[in-house]
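In the two complexes below, chain A is the common chain; its partner is chain B in one and chain C in the other.
Right after this comes the complex of A and B.
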């Protein structure tokens, strides 16, 4: 029987790991839920941002927060440019899957060409810092990630609920024609939302550079679990994405602690199936 | 008299000098650059996909060896051309590409891909067309059942039994021999295979396995796993890791303020682990490192220098030759020995020669007369010492002054 300390520590690790799932899911959930575009290149953009942060940090000793200030606006512009293409070619939900998949493949090839296929690791002196709370340890970087993910998710939720722009976006997602009849310029708002989604990929990428292993093929490592998070959290719901990420992260981690680490992927998709069948009101 | 006596030796010296000059010059004249229709050697490597970080090492080693072979006499006086395709780290793609190499591209010979699953896929095709296939990275030798498949790395026929005992011997030589062990492994087949062997052999030798855990290859978060390893608090941590998993495990442990007393890592990314502040005195598997006594083997110093130059140029973060690159060099040396020995490009003749004579390689003389065409196992242990890998076990392979450090 695992000890209370082990269970508590596993829960902390899982919730914090779930913060990354939530952060990655945030942009994807917005574009899928409000623009009806399934943007697979979101993962590629996050990794592109991670590689740039790694490169700036390793070769030019630029602190990651300064790198983020360059990378996040750059990703915003890429997101806007991407939407220009979607708009110009009138890409629908299904076609967006194929097109963004192709875009992700191109980004992956570009990353491999420039940084090679070899593993990259952004070593920092603070990567293993932890706070101690009784018998438990709280990794500082993961904690900061969760706080940032929480601020972004909460801020986005408020923006969508309380501002005119946010309400207009939600109205357009419900029924674009009716929204247009009320004078909402859905196209302009879509550019903004696409840019924000890509900028969130830039934020996620900054943390990926600090926490994870970089290799071009890793772009696809998060795909399954983040899709599960987006669906559990409900499309277009930023707070839902964050909570779902933490739920999946905690479930995986507890499975690793109580059963076997090999059960973790099974647990995350089992949670997805249970939630879809159960369909609770609170989600 | 004195002059005559002196004259003869002078003439002899002169004649000797002429003879020596002729002898030195002759091979260069007789051994003209290979010419004629190239001998095409086909193969795949995982240039993209999840195995790509290792395949790039094999590609560089292959380029070095093709140049080296062509600077000698090529194959039977003909230049060697390496037809390399990308199997995308997928066994099904590897299978199709080997089929294409043999039936469409009509290559004369083939060279094996990287990693157990693509090798198995390619081996089936090689067997169907009666081609010799040489591979350096099949971690489960008993799966190599084709009689014209040859291993280029001295795993030995049963590394799941032999290698754990090398590790256990090293552990037993430590000032305080470990009595308990945690075995943590990826479910990647060759790592899992070795982990199961480690568990069996540890129990046989009285080292208590207090925790045995398997995780999915590509596991993202090691927090909960680290918590279990910390709670088990064994004397020795054995990690069946691939790539950067070892770094992730050690970092996760550090976040819990825990450093394992001793740790061993199976197939890690050597550069990042050596440089990790968490990997002080970490142990790892190897077959060769660029130090004595290995550098005294014929050609190794030249190959190590060539590898460093090319890997640096290719922007690889770890540009030092190790067992991965050496494996591919060995593959080409075996193929060259087979072709030259058989004096033929006929696969059956090459296989017969290799089985009978073995081949001189970067790993020394390899024999192929044991089960699954394997010879003697020559697995070694290296250790991170002052940020560099040093071979420490068996002691006869350690460089002068280098010793195994144990807690």
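Right after this comes the complex of A and C.
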């Protein structure tokens, strides 16, 4: 059994790593829960954003926050364009999954063509900064990621709960026809939501560039875990997605510390299977 | 059947025989080894995507976990050949068996939960894949280093290794297609197609949905396991990462959907097209551009052909044929038959039936007897429990307490399909036809699963008879979406009648019809009774209730409130008061 310090450190790293799951799950959860569209290309967009941030930073010395200013709106536009296609062809859930998978394949090919299949790493002088709290180390970038993810999740949650636009979106997700009868223009809102979801992929991509090593095939690496997070956090619930991400991150990290790193995937998916079968009330 | 019709039906058979012959002798033609492995890969994807379609296309249980069964098959063969020195060919059935057992195990849990349909089923199967992959990775089955199969001797079926692989892949593919064809043209397939469209209705029409889903899952997983067993020999070196890759289930889905996953031949078309495209582009040097082009083609195909290539072609053929013949749609007038006297035998016996939903008491100790040939009108204010009673009798809801007997046999605790098998048929207030099946198939399904076991031709005649009986002649090949409400209500009736029920439960067949259609429907209900059926019908339209019923039962707040001859019951001040309030009762 590892020491208490090691377990504590594993817990902290896990929660922080889970912030990334939560951030990626956020956009996915919104489009799936509120638009009934499963967007597999979400991961591809995040990596596209990451590569652009990496490229601008490494070759032109643009700071990542300036890159983000450009990448995030660009992703918003891609999200809107995608939705135009879904809307025009009245795409259902299953077809959206297949189309976005194909789209992700195209993006992956594009990335590999331009940046090759080599591993890429965005080196910054702050990438190794960490804070010290007692015996524990807290990596700064991951902490910033979690704070940003928290602000976005909380903001989105408030937006959906408190504003007219957010309530209209939730009403449309429950019953589009009835909502339309009450004068809700579901179509316009869907474009907005689609754009926001993709913009979140841009935010996630910026952090992926800073934290992770980039390779085209990595697009698929987080897909399973993030889907588990989306379900556990309940579709369309931004705060749920973030908490579920941190829960899964923490449990994976603890499993790595107690068992071995290779056992980590069992944890997240076992949690998902148990929750799907059990369907507890508190979710 | 005339000789003019015999030719087109013989054509596919001829094509199949020719295809099998050509592909069987191909390895002897002395082509370069490249072709052997190219065709093997095509066979591999055809088998895999067809096996996926057996459950996910036919029954609509969309799985993203096909890699689990395929991978378990691969590792079964790898383990048995390398660690236990079992001859390779003997491990293939074992691989199929292990994968099928895994499918049955998952199904036994998952298929009991109604919640886990649709995308949640897809994700659950995906999650199972990751769990199995991790277990294999961390146990001696793989151990993280991968498994080399190079020392395993290849059977000498053909002079070359690639030739042998080709033959194995071909046999597997032919067998898979034969199974898929057989399933699609059997009772099982018919039931699966119905489950795809509306599982609850399928169950109510007598389809043993749980058993059928398990059978489809076992078949689907078993074939995938066998394919994996052979593929282990082809790849020669197994890694967990390569075996349980996410692209396997996604490619399988894409191929099936592109070709048409509800058709037994659809996945073959999709797999052949996509594999050839990928191969052409990848061997052309620019692998990545190839993948991008494949992605683009898929997007275009899915947007323009959402049902797949094969169904689209079929539709086009049907349209061309239809415009040649142009059947005259005719409404057959309903024959009015003389009423038969009500018999003495009790067909339906309801005793102390109670149904609770949480704290809500929907039915509270209802007793009711319905005699043979009787028409019982079931009335009561909204929320009084009429439809709940129908749902309980037909087995859709389990009883909280009490007993129900049909013709002397206890049915209170049977699943819905067995209740249907004992001669109980029902209609739905809002028609729930199987939307992807023609009118004829809709009715034939009810005749197949509701009535006695008969040859398919007889079932068809029976279905045609009831379609004509309900005035839908000429619409046999129409899809339910092409019918108006009136016709869809009558399709509900035709489906119920085709099961030759002893007891027919009608839930508001008249609601939403105009006066002329109501008259037509009333005559039809009389004609049904004249055939010997006993009818319980829920209705709000008092004119129809009084005209049709031998007796009326009034439900109020889940209790039997009044029972008797129509005119007496409807004049009863207590009955008037529950409908209109006390002021009108005087």
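The rule is simple: the second predicted complex is superposed on the first by the 282 of 283 C-alpha atoms of A that agree within 3 Å, B and C clash if a C-alpha of one lies under 4 Å from a C-alpha of the other, contacts with A are read in each partner's own complex, and residues count from 1 in each chain.
By our rule, a residue touches a chain if its C-beta (ideal position, glycine included) is under 8 Å from a C-beta of that chain, and two chains touch if they have at least 3 such contacts.
Just so you know, these numbers come straight off a predicted model, no measurement behind them.
**Student:** Overlay done on chain A, so just call it for chain B and chain C: clash or fit.
**Tutor:** They clash: once the shared chain is superposed, the two partners overlap in space.
**Student:** What is the contact status of A:227 with respect to chain B (first) and chain C (second): first, second, both, or neither?
**Tutor:** In the superposed model, A:227 contacts chain C only, not chain B.
**Student:** Touch test for A:93: chain B only (first), chain C only (second), both, or neither?
**Tutor:** second
**Student:** Is A:260 contacted by the first partner chain B, the second partner chain C, both or neither?
**Tutor:** A:260 sits against chain B and chain C alike.
**Student:** Classify the contacts of A:177 with the two partner chains as first (chain B alone), second (chain C alone), both, or neither.
**Tutor:** neither
**Student:** Answer with first, second, both or neither: which of chain B and chain C does A:273 touch in the superposed model?
**Tutor:** Once the two structures are laid over each other on A, A:273 reaches chain C alone.
**Student:** Applying the document's definition of touch, where does A:112 land relative to chain B and chain C: first, second, both, or neither?
**Tutor:** Both partners.
**Student:** Both chain B and chain C touch chain A; at which residues?
**Tutor:** 108-109, 112, 260, 262, 264-265
**Student:** Okay, in this complex, where on chain A does chain C touch?
**Tutor:** 38, 85, 89, 91-95, 98-99, 101-106, 108-110, 112-113, 220, 223-224, 227-228, 231, 260, 262-266, 268-270, 272-273, 276-277, 279
**Student:** For the complex, give me every residue of chain C touching chain A.
**Tutor:** These residues of chain C touch chain A: 62, 109-110, 113, 115-116, 118-120, 123-124, 126-128, 130-131, 133-135, 137-138, 144, 246-247, 250, 253-254, 257, 288-289, 291-292, 294-296, 298-299, 302-303, 306.
**Student:** Provide the residue numbers of chain A that touch chain B in the complex, in ascending order.
**Tutor:** For chain A paired with chain B, touching residues are 2-3, 5-6, 9-10, 12-14, 16-17, 108-109, 112, 115-121, 123, 127-130, 132, 137, 139, 212-213, 215-217, 221-222, 225, 249, 252-254, 256-257, 260-262, 264-265.
**Student:** Write out the stretch or stretches of chain B touching chain A in their complex.
**Tutor:** Checking each residue of chain B against chain A gives 47-50, 52-53, 55-56, 89, 187, 213-216, 218-221, 223-228, 231, 243-244, 247-248, 251-252, 254-257, 269, 272, 275-276, 278, 314-318.
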